[in-house]
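Naming follows writing order (A, B and C), and every chain is counted from residue 1.
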Amino acid sequence: MASAMTCSAADLLPHLGNSANATAAAEFICGRFTAVSEYLSNTTYAVDSTYLLFSAYLVFAMQLGFAMLCAGSVRAKNTMNIMLTNVLDAAAGGLSYYLFGFAFAFGAPSNGFIGKHFFGLKEFPSQSFDYSYFLYQWAFAIAAAGITSGSIAERTQFVAYLIYSSFLTGFVYPIVSHWFWSADGWASASKTDGNLLFGSGVIDFAGSGVVHMVGGIAGLWGAFIEGPRIGRFDRIGRSVTLRGHSASLVVLGTFLLWFGWYGFNPGSFLTILKSYSDSTKGTYYGQWSAIGRTAVTTTLAGCTAALTTLFGKRLLVGHWNVVDVCNGLLGGFAAITSGCAVVEPWAAIVCGFVAAWVLIGFNKLATKLKYDDPLEAAQLHGGCGSWGIIFTGLFAKKEYVNEVYPGFPNRPYGLFMGGGRKLLGSQIIQILVIIGWVSVTMGPLFFLLHKFKLLRISREDETAGMDLTRHGGFAYIYHDEDEGSSMPGFKMTRIEPINTPTPDHHHNRSVAV
Amino acid sequence: MASAMTCSAADLLPHLGNSANATAAAEFICGRFTAVSEYLSNTTYAVDSTYLLFSAYLVFAMQLGFAMLCAGSVRAKNTMNIMLTNVLDAAAGGLSYYLFGFAFAFGAPSNGFIGKHFFGLKEFPSQSFDYSYFLYQWAFAIAAAGITSGSIAERTQFVAYLIYSSFLTGFVYPIVSHWFWSADGWASASKTDGNLLFGSGVIDFAGSGVVHMVGGIAGLWGAFIEGPRIGRFDRIGRSVTLRGHSASLVVLGTFLLWFGWYGFNPGSFLTILKSYSDSTKGTYYGQWSAIGRTAVTTTLAGCTAALTTLFGKRLLVGHWNVVDVCNGLLGGFAAITSGCAVVEPWAAIVCGFVAAWVLIGFNKLATKLKYDDPLEAAQLHGGCGSWGIIFTGLFAKKEYVNEVYPGFPNRPYGLFMGGGRKLLGSQIIQILVIIGWVSVTMGPLFFLLHKFKLLRISREDETAGMDLTRHGGFAYIYHDEDEGSSMPGFKMTRIEPINTPTPDHHHNRSVAV
Amino acid sequence: MDSSWEASVTDSINAIYLLFSAYLVFVMQLGFSMLCAGSVRAKNAMNIMLTNVVDAVVGSLSYYLFGFAFAFGNSNPFIGANFFALKDIPSSSYDYSFFLYQWAFAIAVAGITSGSIAERTQFTAYLFFSFFLTGFVYPVVAHWLWSSNGWLSPNSSYLLFGSGAIDFAGSGVVHLVGGIAGFWGSIIEGPRVGRFDAFGNPVKMRGHNATLVVLGTFLLWFGWFGFNPGSFDKILVPYPHMVDQGNWTSVGRTAVTTTLAGSTAGIVTLFGRRLLVGHWDAMDVCNGVIGGFVAITSGCSVIEPWAAIVCGFCAAWVLIGLNILGLKFKFDDPLEAAQLHGGCGAWGLIFTGLFAKEEFVLQAYNSGKTQTTRPSGLILGGGWGLFGAQIVELLSIVVWVSLTMGPLFYLLQKLGILRISTDEEVAGLDISSHGGYAYDASQEESGPRFYGEYLRMQHQS
């Protein structure tokens, strides 16, 4: 836009004839043009900021979604604990990302490994980054820690939580996002020096790897080192389902996450007012269409994964389960997040279909290996996230890749679309590097916490529930507590048989349908 | 914008030489420019309206947040009551603000005390106000009444609620907002006649005083005149915690309020497409950056207050309490609301830190004085709101003040930033005036209601819970009512002992505070 | 100067507006599921929430594959036949954001119906009707009213009665369709076990969680700001010969009328039910608010704010009246969905025929042209053209949905896959088909209740 819209009097003058009047005329006309183009530049900033800010608010709503999802998925006695961790993710994340996280991630100019400017938002706003961009990235950063908190729920000391959360949000995550999203990052697909990894760079558009895998792998190590919750596997090793206390909260959380994902994926374009000038389509086609398409692919992937899970679990388990469907839905979203901007809508359906089976498979595997993850976070965000990265390497479409990551003609694209193996290679590198980096940083951290007995709560605490022992009381008081009965607070004995936690394949009859 | 972009053929003509061709050329060129500038003016309206409308929707979401926060913070037996009041705030507020509230607040031209145009949106839209502006202000108005409802929860007659709510939303609040926000208001910082209070005017950008203090002080009088709930203080005067029935709802409400606050604070700019032409920074800096900065300061203040509360309460009480953290968070938001647009991000951290201690201090004081406020609304919105107003007088930055309130060069700014005492003086005047006005209007109203026995419910009603006696049944039925008992279905006999409502101070020991 | 800069700016602003409106409309699905979950008994909560999730999920696939094509493909006035699976999208007329917006509408319809038949329907039946309703019945109605060549559309080249029916955001297309479908489902299934006692007196069956109902209502209200004002599709459309005014003004006005109608209906319901029943009931107020919104949805963009108050006032009484009538005829609808969305939706269509203002009609459908004239509300002196078209719309929707959904439900009933058995109904759907209850608040051991008790126990031990 800029070049065609600048107007310098010196250029116009010859055309008007070099008289004295003509100089004035040229200046007059060009002055008007300059004003117009300045105004248009302001318009662009305003439109793009509006878009980015509201997207950031939506992404923030995901934190609410996480909180509700986690709260509903744990037992009532640990609800306060998990919600506190979610509130703190947002609060502590806000401070640490302000102080140094953003600097590590986007502090250009820097090296390929870590950024080093903008500590405490110094020298902000700059030509390249505005406050809205910071807000948007902050909302992403707090999401990663939220994922991990699900994996280690119901058995982790609050202090351990504080330590790992600030380490993850302030250091581990920002560095990964520097690698793949900063213009200086060694694996970025839009590197400023043009020296792309495998001539391609990694396409992780909205963060299947950067956000979801990082959170998932960190959760995997945490949950693995802590071991399963008491009672999750019985003496002879059979799996016992410890159900969350409220499916309503799970559904509420899932829908809120879905809502927020519309900020997460389409919002990652960062700007909306940008025409794709070399497109073969008409002028009606531009970044705004690509954003709409991204929202559509996101929707379709999640929906397909949910339906697949619905019928898959019906066949495997025998009843229609809303919590499973919710998890399937989120798995589909986590998978499409990497490629959402560069694939066709039909490919999103493929993505979601596979993601559902990936999740089911990893869950089976986890049960077999006696790995206990109350929210399936490692399986869902780690497993489906990895699949999403590979999926992008297979299905990225040439035209879309060039539109979204402009400036490098003839770059590789998806293997199945005829774009060669280079992109897929980069994607696999991404998976390996993320697994390696997170394992090297978070694994020892959790191990150390474990050694110093700061990680897992005591057996008594776990049986009584952390809300009572650490957080001042239970989350719910439905009974009138004034009645002086000797009953413990809020039993719902008539609804759930409490004494005999039978393995779930026994007491869930598949009756109807 | 206008001057540089208008183009009149008469101005251009002399430069082109006054030939016949030149006239045509001048008209041609200027015709194009006129079309462009009209288009750009339309663009401005569209962008600004989009921004304002979606901000209004976000602010409306705060009403949902309030409803959930209130519901979770009261005992289960009064849930229906408090939620009904929240729904009605929005509904009745919509009508009264439409009929006369907006007219009192913004009916310019008028005097400094009260507005007098636009009753029932007559002669709307006008040059200065569009419908989206009305919607935005309505969403603010209903928030004030929502705050007060928290203070007098669990013991107020529904009729009293209807009366005070319409009086507050329709009269008390609009007049305060006229003083500080209308271009005619006697204390406004952007008064059209230029005759500012102390040469400065009061900077209450998004309403720490206008919204939060008004709601908080009204609640203070209501709760003070009603007295504490039965059982809140035992015979020898010790405080007994009456815990809310659901922490999940409190967290849900808090996050929704946080989400909505992004409409409340950054949205108060009203427009986004405005360049700060005399800024020393580049063209990338404009109102859009200031809006982003406002979102960042808001976030940081809330986060800091939450963290401070977490550790502060841990030291004072001994456990990590999520409900306290949520209240701390909201206290930080209420405080930053006044100065959010005119302070640096680091100052927001100071603001949040102090706000947390203000809240803790006022809560201690309230306990000492046997003042009972189920949601801590008076302490939180009144106390932290006042601190926020003072904070603005201390930390407002010169550059930002001039950008946000343009047209008065050399206006005073924050005391600590070297801007003199005038702004701080205005801010203190604001606190005093709001306390005075709300006390003079709401105090007698509550007192009269009390005298006519319309304010507080009977002892029996309070013990049994208002849901049963006034609202047709309890909010929750988790038990299966179909199990063949002869009961007509909607009493919760098993949960609520209807025969022997024992006073509750027997069973709640005062453990925490 | 680049020839397309103007188009770029316009397109991107309109895309922002439409996308965020679509997101808001999507929130309504969350609102519906919370409203439904809170309004049923605890033993069926999982079931109803699953149906709501599945609505969104099934709806998006069927709407992607053919629903959108039926609705907005341009072929004949009755049904569309382009754009299957988003082929040739984006085009110069429809962008992806438009699809997303329409998708969010489509999934709302099935959500309405699921409320009517809650607590007693087999999940398989639910899958069938949801697919059929979202994929076929609703898109066809949407084609009639909203596609540029639908036979009832106010935008087509041939206008019915010189006017076309004005159903701006879908009182008829969305709410009446969902309500009538629910009506047939509910009639064919019959009332829930225990809803009417042996003497035919109604037994109140309260939902299990009023908080969820309020949460759902507020979320619906929030979403309605996308539903009604968002239906303008574009915000950057200036009105010629009007200084400072354009679609942005109308969008704001639409949001205001929506708010006023809902608020009025809520307050009228509050006092009405207080007089009739004797207590202040939050659930009734919530339903009243939603009834007001449903009614205003048709005319929201073409009426003055004061008319919205009239609309809400009547909507509240329509709802109260139909509820009384429903009880008399032993019609059981757990969420009052047929009464609310069907009844108030129908009133909304008539209301538009009475109160539409010509100036606003021209703004909404002719981009504010001043030279032309269109029929407008009967009471405002706009003639019978619009009112007639509204009545035709009302009747044809009732007939179309009855002809399609009625036989479907009947067939499912005959095949024995509609209603669950009495035993399962008494036990609750959650335990019989969904693997357990929604809430599991039991504790394995009788622990202390409060921190104080805990400390004391610690002391003793």
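Simple rule for what comes next: a contact is a pair of C-beta atoms (placed from the backbone, for glycine too) under 8 Å apart; a residue touches a chain by one contact, two chains touch by 3 or more.
Please read these numbers as outputs of a predicted model, since none were measured by experiment.
Viewed as a contact network, the protein chains are fully connected, with every chain touching every other. Between chain A and chain B the CA-based rotation angle works out to 120°, given as a multiple of 5. Centroids built from CA atoms put chain C at 31 Å from chain B.
Chain contacts: chain C has residues 9, 13, 16, 20, 42, 209, 215, 439, 441, 450-451 touching two or more partner chains. Residue positions of chain B touching 2 or more other chains, listed in rising order: 43, 47, 50, 54, 246, 252, 319, 476, 478-480, 508, 512.
By the touch criterion given at the top, residues 1-5, 7-9, 11-16, 19-20, 22-23, 26-27, 29-30, 33-34, 37, 42, 45-46, 49-50, 52-54, 56-58, 60-61, 64, 85-86, 90-92, 95-100, 103, 122-124, 209, 212, 215, 420-421, 424, 429, 432-451, 454 of chain C touch chain A in their complex. Within the complex formed with chain A, the chain B residues making contact are 1, 4-5, 7, 11-12, 14-17, 29, 33, 36-37, 40, 43-44, 47, 50-51, 54, 58, 75-77, 231, 243-248, 251-252, 254-256, 258-259, 262, 266, 272-275, 281-289, 291-293, 295-296, 299-300, 302-304, 306-307, 310, 317, 319-322, 325-326, 329, 345-346, 349, 463, 465, 476, 478-480, 483, 495-497, 500-504, 506-508, 512.
Residues of chain C that touch chain B in their complex: 6, 9-10, 13, 16-17, 20, 24, 41-43, 194, 203-211, 214-215, 217-219, 221-222, 225-226, 229, 235-236, 238, 244-249, 251-253, 255-256, 259-260, 262-264, 266-267, 270, 277, 279-282, 285-286, 289, 305-306, 309, 426, 428, 439, 441, 450-452, 455. The touching residues of chain A, counted against chain B in their complex, run 16, 19, 21-22, 24-25, 28-29, 31-32, 35-36, 38-43, 45-50, 53-54, 56-57, 60-61, 63-64, 67-68, 71, 79-80, 83-84, 86-88, 90-95, 98, 120-121, 125, 127, 130-135, 138, 158, 246, 249, 252, 470-473, 475-484, 492, 494-495.
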